[in-house]
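Notes for the one structure printed next.
Chain lettering (A, B, C and D) follows the sequence in which the chains are written, and residue indices restart at 1 in each chain.
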Amino acid sequence: MKVHEYQAKEIFKKYGIPTPKEKMCRNIDEVVIAASKEIGIPCVIKAQVMVGGRGKAGGIKVAKNEKEVKDYAEKILGMEIKGIPVKKVLVSEAISIVSEAYLGIINDRTTKKTVMMACKEGGVEIEVIAKQKPEAIYKVYADPLVGFMPHKSREIGLFLYNEPKRAFECASITEKLYNLFIELDSSLAEINPLVVDKSGKLIALDAKINFDDNGLYRHPDIESMRDRESEDENELLAREQNLSYVKLSGNIGCVVNGAGLAMATMDLVKHFGGEPANFLDIGGSSSPGKVKNALEILLKDKNVKVIFFNIFGGITRCDDVANGILEAKKCLNIKQPIVARLTGTNEDKAMEILKEAGLIFTQTMDQGAKKAIELLN
Amino acid sequence: MSILINNNTRLLVQGITGRDGSFHTRQMLDYGTNVVAGVTPGKGGMEVEGVPVFNSLSEAVKKTEANTSVIFVPARFSSSAIYEAADAGIKLIVCISEGLPTIELVKITAYLKNKDCRLVGPNSPGLVSAGESKVGILPGHIFKKGKVGVISRSGTLTYEIVDHITRVGLGQSTCIGIGGDPIIGTKFIDCLELFADDKDTEAVVLVGEIGGRDEQDTAEYVKKYFKKPVFGFIVGKTAPPEKRMGHAGAVISGTSGTAAEKIKVFKECGIKVGDTPAEVAQLVKEML
Amino acid sequence: MKVHEYQAKEIFKKYGIPTPKEKMCRNIDEVVIAASKEIGIPCVIKAQVMVGGRGKAGGIKVAKNEKEVKDYAEKILGMEIKGIPVKKVLVSEAISIVSEAYLGIINDRTTKKTVMMACKEGGVEIEVIAKQKPEAIYKVYADPLVGFMPHKSREIGLFLYNEPKRAFECASITEKLYNLFIELDSSLAEINPLVVDKSGKLIALDAKINFDDNGLYRHPDIESMRDRESEDENELLAREQNLSYVKLSGNIGCVVNGAGLAMATMDLVKHFGGEPANFLDIGGSSSPGKVKNALEILLKDKNVKVIFFNIFGGITRCDDVANGILEAKKCLNIKQPIVARLTGTNEDKAMEILKEAGLIFTQTMDQGAKKAIELLN
Amino acid sequence: MSILINNNTRLLVQGITGRDGSFHTRQMLDYGTNVVAGVTPGKGGMEVEGVPVFNSLSEAVKKTEANTSVIFVPARFSSSAIYEAADAGIKLIVCISEGLPTIELVKITAYLKNKDCRLVGPNSPGLVSAGESKVGILPGHIFKKGKVGVISRSGTLTYEIVDHITRVGLGQSTCIGIGGDPIIGTKFIDCLELFADDKDTEAVVLVGEIGGRDEQDTAEYVKKYFKKPVFGFIVGKTAPPEKRMGHAGAVISGTSGTAAEKIKVFKECGIKVGDTPAEVAQLVKEML
């Protein structure tokens, strides 16, 4: 789960990581008042969207006078960034930046350890640096028994800054970032850039925190920060029903059990010249009800012209799925043709059910994908 | 021969009294797996499908000499189930449960480091040594004893691949679902090391997906050290960036971890890549 | 640091460990009101003193009617147990006990691990059982990386109780006891006895928690539980001045640097036929001021007839000590003879200072101890 | 010869710029110890008694090849100082600081278990290999090169014993103050194992005290495995029960951990026990 910059900064503040004076606003009036009364002008107006490249897209502007505040607020609050409409902005104190650095923490898949990463170049995407000059990233690993020990934080500080005072200020921020990361089941916590201002103080100018979806159950306070407006309604709905759904731009709706097979199904549709409308994993031990829920979500996408079921039953029982299809067809009044490929546990029963109902079924997924494409025309 | 599990596997089912635990106990017994014990705290003394249930792993291991365990308990109890198995002296723990927070795996990794104990998973469908033993939820009927090793990050996709391999007339030595989470106990390379020494395995199929760089690292390893033919299949070519595709580990970060990148590295390292599951099976058939 | 049973029970409650309905009272009236209004009669009246063997000393009584409540309250609140006057009692719900067990946790010196100990015999001193039948104590060790895992708690529960329900109730108590122990830097946390009452519920009938003095700095809330009334005033004063003092019953006051040497000095005084008045360790890097503070505390004990300084200077500089003695002699108007044995760092300077001041000094601690005894007569 | 420290010891002082750190750096240099570096975060670039100061252990070890460290930092920073030393590759850490919470030692023990790193202390006065190297705060002038090994739970009492040994005309191989805390990195037995292999050590003196059962365990060990003559001295005969006598570890619990009990076991296991420090030295002299 992702949160907005302004939410991440609230968490930073709670943990004592220094951030600029800031206020989140939802409309132009709020921006004008915040800028003139609370933050001061000049100030920075930053689009609050959960995608990278806001700056390049014109979503971050420095306003030097009241007119600019109003103009930029209007412009940014009206724009879309990578297809996402900007509904909130952050009005932020203008900081005179002396230097920029990067500080971030993740659980590293390769070493299976929590790793703090520092880079003397701030404001750049860490993945880009990781590819282009990995040696510029300084990595320090935590030990889960003792956490991120003070000397490791100091090591980071001393890598980024020569002056001990600043290095230890940075060490203190590093320690807080680690605690936040661990205590909140974060999957990424990033300060990019971490800046030194004119007075020599360290400030987290931007903040990014992603959370481990698997850890959310123990953090209801984080779950409640979810910005439902900025997430796809159907993806949310799917999650609430223990389904995993991602909308794509095609017209062949896919219903699959298992994430790997779901991706393989999308890829296969594309491979044979079709366009998948979605990723949809109905998971294991599917009941007929679950299949119905899945179809309900799928059909909210008006682009869907054909539905392709690809089920390889292990935990999932094919007859459950077949029954689910029939039920859904009745209740939801589905007009689109359905191609079903159900194999594995109880496949014979499923076949009979489908046959009786006069539905199209295929033996292999190749056949199924081809059939679905064929039915488009 | 085979790797990890075989006729000597004495299996213990953690969470045996649950819906999935009991269902798959039946399935595993039917496959011929030697299921010797089950554990559900508080249900000691019961029997499930003829298998005795104990209150604790330590008691169960003492009484039945179980050496392998499979975990079917809900995610929030799974870490603790893994620790209990490791403490009881289980040598191979297969965690089917999904939904464990990643930080738990960091801890588990540190805990298991100094124990003589291997973890497969979490979020693994389990493994099958064809004709010998099945641990987990893979459907047994698709397997045929043979010479192809299969290692996969996914569940049902593995069945699909295995099914194709069987249908082209080949069979499997051992098939391992390593799990779809970002941090897992046993990775591709760990399995390859075992397959390298397994005389009955003549080729290996790697089933990878978007996210992380485990496939890339594995490809480098194959190029340098692995002498048997290796085939690959990567899914998620049509997946958009920054979106989690079901598996906790299946996310393209920025421009890294894409299917294209992985397929490229596979090919560069001499791994033959199929475009569809059917094609992978064909490639293997042509080689063997 | 030790706390009273009623304080330990407050902590238990905070951690969710079940305890009887109880109220701490300071006088007879409070007891009578508590018993009749809050706790109910019959009830148990328990002396709150931080020594073992309260029961045998008559400090725990079951009162069956109001008269007994008053009588026992009067009796217990007037008594001394092992020399300690009882100033508080706990009025406790009378529980019908079905079975008693022992549950305790310490950091084990031998294995260097945290160990939970369970025994099916409750109410008995664990050290006694440890000596007489160690096999009756079931030990489970924690791993500091993962704490006391649920299966270990269940193991304890299943050892103590056959019924799974009760075993898991016990497991839950065990987990809480572990958390309390770790989070509060405890050195001992004990439920003795842990009882099953008539309704089958588990209850911590008695509670004992000791705290690691070295960990108190991070638990001001625990430090504030200290019952200054029940501790020796001079020992408290000494601690506040970073001195370590324990009063004994003899008449030769000992001032020593280092705990081992301080014990050796006491033993030596005894060995040569004298009686040490105290243990007093002035610690390392002693300044003259510290020596003065030490003497001030020492002299509050009116039994002290001779003062024996035994200093082997490593960090401690002998001249600092000598200067401290002179200063103290002036300020405190010390009448008792002082025998000084100062050796090690800067011993020559010290010798000169003492010589000039006309004080008695000896070369060895044997001579010093003998001289001190001699001066008694 | 000697154990733990010798002419090859390259010492690093943690907390070198503090009052005690700088004072004892001078003392150790005067004794001839090869003090190669000091660390105080934020004071890198300074010199103390001619010894270069660094901001971190890792930098100091890289630049000076220090292999041993001694810790003079306040108690609440000491655990972290130990971890830093272990992480930097220090082989022997001597923690002089006292006042570490016991639970920290439980963690430190677990952390060091898989590192090639020994901890002496905390609450240790340090150690001396007579004529070679001194690490810690023991006064150097009382030592004389010789054949008696000394292991002690205390500080100044150790000086007293050592002084007597020297005065009766003998000398010491290595003298180790293992520390007065309940949980310590190196115990009597650990030292005895090293002394067993040290050709120059012909006898060992154990200086114990009330609290715990380390002396009892050690006596059993001596009886079973240790071939050289062992002498003992136990303090706290006049200590009341349940009272902490200065050292965090010096507490008689109920009736266990008394001096009488320890002396009894010592004698039963063939360890000659002296009643006073002077007597201990006499006993050793009579034997050698």
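Keep in mind that, in the parts below, a contact is a pair of C-beta atoms (placed from the backbone, for glycine too) under 8 Å apart; a residue touches a chain by one contact, two chains touch by 3 or more.
Since the model is a prediction, treat every value here as computed from it, not as a measurement.
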Fewest touching-chain hops separating chain B from chain C: 1
Chains contacting each of chain B and chain D, listed by label: A, C
Contact-richer chain pair [A-D vs A-B]: A-B
CA centroid of chain A to CA centroid of chain C, Å: 55
For chain C paired with chain D, centre-to-centre distance based on mean C-alpha positions, whole Å: 27
Chain B: positions in contact with at least two other chains: 107, 110
Sites on chain C at which at least two other chains make contact: 143-145
Touching residues (chain side chain D, partner chain A) in the complex: 41-44, 55-59, 77, 80, 83-84, 87, 107, 110-111
Touching residues on chain A, where the partner in the complex is chain D: 143, 145-146, 149-152, 154-155, 158, 164-165, 167-168
Touch list for chain A against partner chain C, complex: 144-145
Touch list for chain A against partner chain B, complex: 51-52, 107, 109-110, 112-114, 125, 127-128, 130-131, 143-145, 182, 185, 187, 212-215, 217-218, 244, 246, 248, 256-264, 266-271, 276, 279, 281, 284-285, 311-316, 343-345, 364-366
In the complex with chain C, residue positions of chain D that touch it: 19-20, 23-24, 75-76, 99-103, 105-107, 109-110, 125, 137-139, 142, 152-160, 163, 180, 182-183, 207, 209-210, 212-214, 217, 233, 235-240, 242-250, 253-256, 259, 275-278
